[in-house]
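Structure first, then comments.
Naming follows writing order (A, B, C, D and E), and every chain is counted from residue 1.
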Amino acid sequence: MIKKVFIFVLLLGVGSIFLSLSDNFKEQKELKGIGRYYAENAADELGAANLVTAVVVTYRGLDTLGEVSILFLTSAILGFILSLKKTGSEDDKQVFLPASEILVTASKVMIPIIFIFGAYVFINGHLTPGGGFQGGAIIASAIVLSILAKPESKISHSFISTIESIAGIGFIGAGILGIVLASGFLDNRIMELGTFGTLISAGAIPIIYIFVGMKVGAELTSILVNLKETKNIE
Amino acid sequence: MNIYVKLAYTLLGLLIVINWGMLMGATMRKIGARMAGRHGIPFHQPWINLLKNFSTRTTITHGIMYYLGPVFRLSGGVGLFLFMPMVFTGAVDGPWTNFSFEGDLVLILYFQVFGMLGMALGAGEGGHPYSAMGIARGLAQHAAVELPLTLAIVSIAIQYDTLSIYKIVEAQQGSILNWVLFTNPFAAAAIILAMLGALGHSPFNLVKAPNEILIGPATEYEGTYLGFMMTAGAVIHVMEAVLFMNLVFGGANSWLELIVKSFLIYFWSVFVGMVFPRFKIEQSITWFFKVPFVLGVLAILMYSF
Amino acid sequence: MIYIILSVFLGLFIMVMAIVAVQTDNLKVAIIATGIVSLFASIMFLIYAAPDVAMTEAAIGSGLSTIIFFYVLNKIRKSND
Amino acid sequence: MQYLTLQNIGFATGFILILIGIWGFLTQKNIIKIIISFALFDTGTHLLLVAVAYIKDRTAPIIDSSVNSANAVNEIVDPVPHALALTAIVIGLGITALMLTFTLKLFKHKKSLDITKYKDLKW
Amino acid sequence: MVDPIHIISSALGVAFAIGIVGKLGKNVTIAVMLSTLAFMAFISLQWFMAFFSGEQETTQIFTAGFKPPISINLQMGFNEALFTLLVNVVGLLGGIYLIDIFKKQSKNVLTVFLVLIMGLNVIIMTRDIFNLFVFMEIVSISIAGLVFMDENLKSSQAGLKYLIATSVIAGMLLIGIIFAYYFTGTLNIDDLIATNLTTIKGGGIVVFLILISIILELKPFPANGWALDVYESSTPGLGAIISAAAATASFFVLSKVMDIAGQEWYYYISLIGAITFIGSNLLGLKQDNAKRLLGYSSIGQLGLLMIILGFRDILGDQTPYVIFGILVSHYFAKAGLFWLSGIVKAQKLTDWAVIRKKPFFLFLMGTFLFALIGFPPFPSFFAKWTLVMELVGSGNVTWVIIVLFGSMLEAVYLFRWFGYAIKGENEHLEVFKIDLHKMIPVWIVALALYAVGYFTAQMTEVGATINFIPLAFVGVLLAIDFLPVFVKNTIAIAGMLLHFYFVYPDLDDIRLLFEVIFIIGGALALIAGYAYKGKRSGFYPVAILMYAGLTGIIEASTTLEFFYGWELMTAGSYFLIIRGKRSMPHGLSYILFSIGGAYALLAGLGMAHVGHTTFGMDILNNIQYLPVWAYALIIIGFLTKTAALGLHIWLPGAHGEAESDVSPMVSAILLKAGVFGLVLVLIGMGAENNQYEMLTYALGWLGALTVILGSIMALFQEDAKRLLAYSSISQLGYIVLGLAVMSHLGWLGAFTYVINHFLYKFILFMTLGAVVLRVGTHNMYQMGGLIKRMPIAFIAVLISIIALAGIPPLSGFAGKWLFYNALIAKGWYFQGVITFISSGIAFLYLWRLIHTVFLGQLKDNHRNVKDISIWFSIPIFVLLIGLLTFSFKPEWVLQPLGNMIAEFFPTGQLTWNGGTAISQYGYWSGSVLGITIGSIFMLILIWLLVSTRKAHKVKQFDITYSGERPERPETTHVAYNVFEGVYKAIWIATIPLVETFWTRVTNLLHDTAGFTRRLYSGDGQSYMLHIVVFIVITYLVIIGG
């Protein structure tokens, strides 16, 4: 109890730090700094309608690369941690309860649709809300659905990791092309900017987002599959 | 002074000192015996002992150090004599000053140990277990005695701003009131008390312990060795008395004065020995840490400001 | 003004759900409450003119996270039985 | 009432969510609950990000038919925090997944979710 | 040149590609990954070389082709090149080291490892704060994941705790970043610095949140339990990466970001650093797990770096140098130690004794430990030197104390550990196996430490003057350690004599005197080495190391060189001392006192440097800044070597337990180094200067008390070599006292003592050592009657004890005589009395020594023992001849000495009349004394020999013996406890107050550590609590409640 009171007092301290963070909580009226610059120039410079995408893919492309790497790391770490003692336990197969009929039937219809929707989300990332991450997550949820529908099915690790690798190399390759063809790593202007607001525009952003989407999808899938395939703890 | 003349004087002096030492030793034993109601030895007993020892035919040896022991001892005694100005004649290079560098106090104090070392090592070579005990006690007591003694001597050295015995004696000439005994009473008192230990009579005679442990260096040696030891003992006793005489009692202007003063000094320790029982070694050490020590410190304080 | 009222409600609801998530002893309830917090947060994001973030939060924060939570909980549950 | 703006509501919700998260991971002993607290903490920071970006009466930072591209500066909210929020959300997912995996691994050893049971390393 | 962006692209590209490449097999994958790491290292190296040559300017790498702050930029400057080089090199070596684990584990581990190194590179290079956040997350995640390389209960816990804690920290950082953007509209670090956030209301908090998070990443005490657990439980290969690479990178981040805060933060960074430095080193004291210990040490070192960082305004241009030195030493040493711990596979410190089964491991471990503590020739030595110089120069003495105190604590536990390794019981331990791929990185970092150390020295003007040739000679001896003793001994002696030949023409008189004692004496001592059979592994390098140090302090023309030599000597003598059979605890206390002393010296030299532009030795003559304190510190430093009272407790054991021919080296020779230092500093203080009177007065009393108590302690020893050791304490007390008198006669006395002590203590230790070699025990009561078997030894001992006791006519008396003359002239009467008494006591213990060992009854088991080895006799007799010459012709030595001293103390010289020395109080002549006493002696001896020529040789048992029933074996020897009576009288002086004092201090430290470390309860939740509490408290302190 004393400990909780102490922690509460501590939280008051942290709270007071937060409270003094904003000077007087006035509303801000104007864009400032780089936000303002992006609002003024991003559309012209990069040709992307969705400024968030412009920022994510190009201006702060290195962050995105890091972000992808984090997911990649997570799936890699999960992979090796969970596989640590998997060997030898292959014999005692996990027993899965069969999924309900509705789920199985619905999933057959839904999964392709979800896949297409995911692809749509990341291909149109430079125009509409969404992008590689969202699209990838959507694709991964299709996988979840398929797992739920067919618990006993095995998804090829090798396939996932190949997709992941190809997408990753593509991403890096696009980045390096940026140095060669344009003015910097991950510069999207390696291709024509195209007509503003159309699908084929914004230089390499759609390409990069496709790689990101594939990669994120593959990584999230790999995380889920790895978790699923871990043996129950006995 | 011609070195040969000096050598002659020195040898003569040595002869006097040896004989006086033996006589004094015999006298003291006689006095002691009489006070205890015994008859005691004849006065000539030491000479008889000496002759007997030197003429013994059978001699033994335990090894190198057994030889070196008496040699060290006697060299120590004779050396002490050589480094001590005996009779004050008013000249630095006088007839009885020996080879004394004007009697350097540091030299005397350190050279005292030379003889002891010989005795200690010689007895040790004999291999008798109890000799070690006697020597340990002797050396320890010697170290303890040196505490008040050194304090007092340093005080005297400060007083006269010299470490030369000759100069100290010189400064005490003229009147009895010039004696350190009166000009520096604390130092004198400390020395007089320290003398008791230095001369090694009761209560500080556990070292020799004649009644309890009938052993020690003296029983290890016989024959010529013992003769040397006895000679050395005689010299050293006199020299210690002479040291105190020079330091505190105004030195001596003649051999007669020297004999009288050294006798009285020696008698003082015998007298005290008659009255007090023997101390254990730790008792005697702590005794010197008490009154004599305080007196010595007072003596220095008195002259250091 | 309507947005303000709406967001106040959403905010309060989020806080209540968060407290539920933290304080309940039932892990399932806690996980679901967390998912709801995310979901309502993504609605708030829409109000705040952040459709991209809203989508992501909905798909990842309230969707995938919750699924992962349940996966793990499931593994642990099974071994507890 | 002047403080009751959307932005401040966002801040308040975000901060309180963060505090609840901190409270959670400091008081709850169950590791899953601690991870949940982290998730709440994360959501709180996302709210903060979005609230920081918000400017009253503006639209999403997408230049489409409803936004005049020349006047975008005065019509859209700040896109940067949105981008940061995207990143933060994905990172949060990664960390949550990892924590849960570690928990699973830990659970194998002692069959307990109580964090105070795992004190084999100390001092 | 290759664009630094390719560090990222190649690493990530390969990491991503491993999904495909992995199908080609494990070995190919590993090769690909290692070559990627090599490529990354190559890029950094290329840039580093370009910057180093000075031709390259700092470049910015714009991603996406936009200038910052529009898009993220990376910076590649000198610092970045250096730090990425460090990270990539340890990444490559660490990768090689981990090959076996990589082979066992899934290929995913490779990708994680690669991404980790890449992330570290980015956090070093990036100039965008959110980017920093992202890649810091990458680093934390990959470290947390890699913890599972070696999966077990402990590492799982550590990984989870680590992940949780770093997430809290990252969350706080994110909040800070959000509001930084909110206030400024930029995420670029340079822009944030330019906007001066602290002036904005609320901006202070933003700065606080950002900085505190980055500081928390550096694991400040006490909010660092999570990191310690990782150090302890993860596989050592990872520990090396965290400690060497991750910590290095995090530190660089702090140095990069702290500019946002502005100067008022610097102080707090230093403060947090200080708390961390002291705190974690304190807790290190209680550790018995090697890896956790290394963790504490790593964190402590980071604390030290933070202190330095906070002082970068004050250090100015020197900052990079200091940071470089400390960081690089830490980097190599910690990586090496972690790797070693993986090879040795010993968890508990005591189990490290197994390392001795492969001796060259000791060399590696020693290299790393000494580099950590800051011994020469390692970079940290030069860095610490510069740091102290600059800190003192700017008046920050308190900080110097903090730095040195913390370093001291660190030294305590590191050396304790080293002691276990060198001396611990290793019978029961299984020998470890060595993999080549694990050894290569360790050797590389060890050798790199030496190389970098050399270059660090060359980088400064003052360091460039250091003579590394003696040290190189040590290296040579190390390289030929496999040769037999005979060869090595000859080479060592020849090398020393050659060195002397080259050096001596340039030395002034005082230096020449000490050089003769050090080098010629040392060569003499080495002669005894011929008596040893076999290889005597490891002896020659360390012995020469000590001599290299000794000659170093003699030849020093700058204070840095002096300190350099001083530390070499300390290290060498430490190794020499711990070679003894039971000398391990004593070696520890020796090195600790030495280091403490060295630090006092360092601080003092720092104060001396204030107000001077050069480091020449002459700055000691004119100390301007708090001169009394400065001199006091320097003197304390030297007094630890002369074993003055209070600082002496290391000596008896160290000298007593050392090997037979090492004891004379460390006693007769080594102790003089302290004397030499004292001489220098007292010359500097000047004869006439009244303001130091208190100092010399105190020094005098200290010397006098050392004299008496040393003697008394010697009195009650049963161990012959300890007796001599205590005697050395006492003798050095005389020297200190003599020097403190600050008059011509006092110094002459002291120098006479220096020579005398060298002569007789050399002979005594050498002889007793040789005897001990023959009879196999140190205990005197187990010897006896050896005069019959060892007459040569006896003669040597007899002559030297007569000299030692100061009995005329031998040379000891000359010292005493000069001494009392000087003391009485000075008016130090009581000191004089004390020293006089103690020479009486000296006679007691010396008699006991010679009696108990050589006289009395011969022991049954020594009946066939041989006399001491001829190789021991040679140096002994050479010095005996020297002793006798000095005794009978003292004027040959004293007159030149007098002329030498007259330079500093022109008044009160001795007047010489032929061989007669005349002082104010009396006169005396060595030759007359010698002739007089000698002729009487010979006369009587001849008489006696003649008269007893037929003496009958008595057999051993032909004596009367009234027995006493023995209770214990030792009591059968009558000389056992022979001074019991004396003890009863003066036991009060033998109470080991000093020892009790130091024991109390140690216990206090240990108890504090034991209490404090309860913080680390092992509960992951409380670690988070620590973090939050740390944040709140720091907030209250810095921003104010």
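We adopt the following convention: a contact is a pair of C-beta atoms (placed from the backbone, for glycine too) under 8 Å apart; a residue touches a chain by one contact, two chains touch by 3 or more.
Note that this is a predicted model, so its numbers are computed, not measured.
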With subunit E excluded and the rest untouched, write the groups of chains still joined, or say one piece. A, C, D | B
If a chain touches subunit C and subunit E alike, it appears here: A, D
Count the touching C-beta pairs: is A-C or A-D ahead? A-D
Chain at maximum distance from subunit E, centres defined as averaged CA atoms: C
Using mean C-alpha positions as chain centres, tell me how far subunit B is from subunit E in Å, no decimals. 53
Separation of mean Cα positions, subunit D and subunit B [Å, integer]: 99
Roughly how far is subunit C from subunit D, going centre to centre by Cα mean, in whole Å? 11
Any idea how many Å lie between the Cα centroids of subunit A and subunit B? 106
Which subunit A residues sit where two or more other chains touch them? 7, 10, 14, 18, 22, 31, 34-36, 38, 50, 52, 59-60, 63, 66-67, 70, 73-74, 77, 81, 129, 131, 133, 223, 227, 230, 233
Residues of subunit C that contact two or more other chains, please. 51-52, 56, 60, 64, 68, 71-72, 75-76, 79
Which pairs of chains touch each other? A-C, A-D, A-E, B-E, C-D, D-E
Which stretch or stretches of subunit C touch subunit D in the complex? 3-4, 7-8, 10-11, 14-15, 18-19, 21-22, 27, 30-31, 34, 37-38, 41, 44-45, 47-53, 56-57, 60-61, 64-65, 68-69, 71-73, 75-76, 79-80
Sites on subunit B touched by subunit E in the complex: 54, 58-65, 67-68, 70-72, 74-75, 78-79, 82, 99, 101-102, 104-107, 109-111, 113-114, 116-117, 120-121, 124-130, 132-133, 135-137, 139-140, 142-144, 146-147, 150-151, 154-155, 157-158, 161-164, 215, 223-225, 228, 280-283, 285-286, 289, 296-297, 300, 304
Contact residues on subunit A for subunit E in the complex? 7, 10, 13-14, 17-18, 20-24, 31-38, 45, 58-63, 65-67, 69-70, 72-74, 76-77, 79-81, 83-84, 158, 161-162, 164-169, 171-173, 175-176, 178-179, 182-189
Residues of subunit C touching subunit A in their complex? 51-52, 54-56, 59-60, 63-64, 67-68, 71-72, 75-76, 78-79
Subunit D-touching residues of subunit E, taken from the complex the two chains share: 130, 134, 137, 141, 144-145, 148, 151, 153-154, 156-160, 163-164, 167-168, 171, 174-175, 177-179, 181-182, 187, 225, 228-229, 232-233, 283, 286-287, 292, 1013-1014, 1016-1021, 1024-1025, 1028
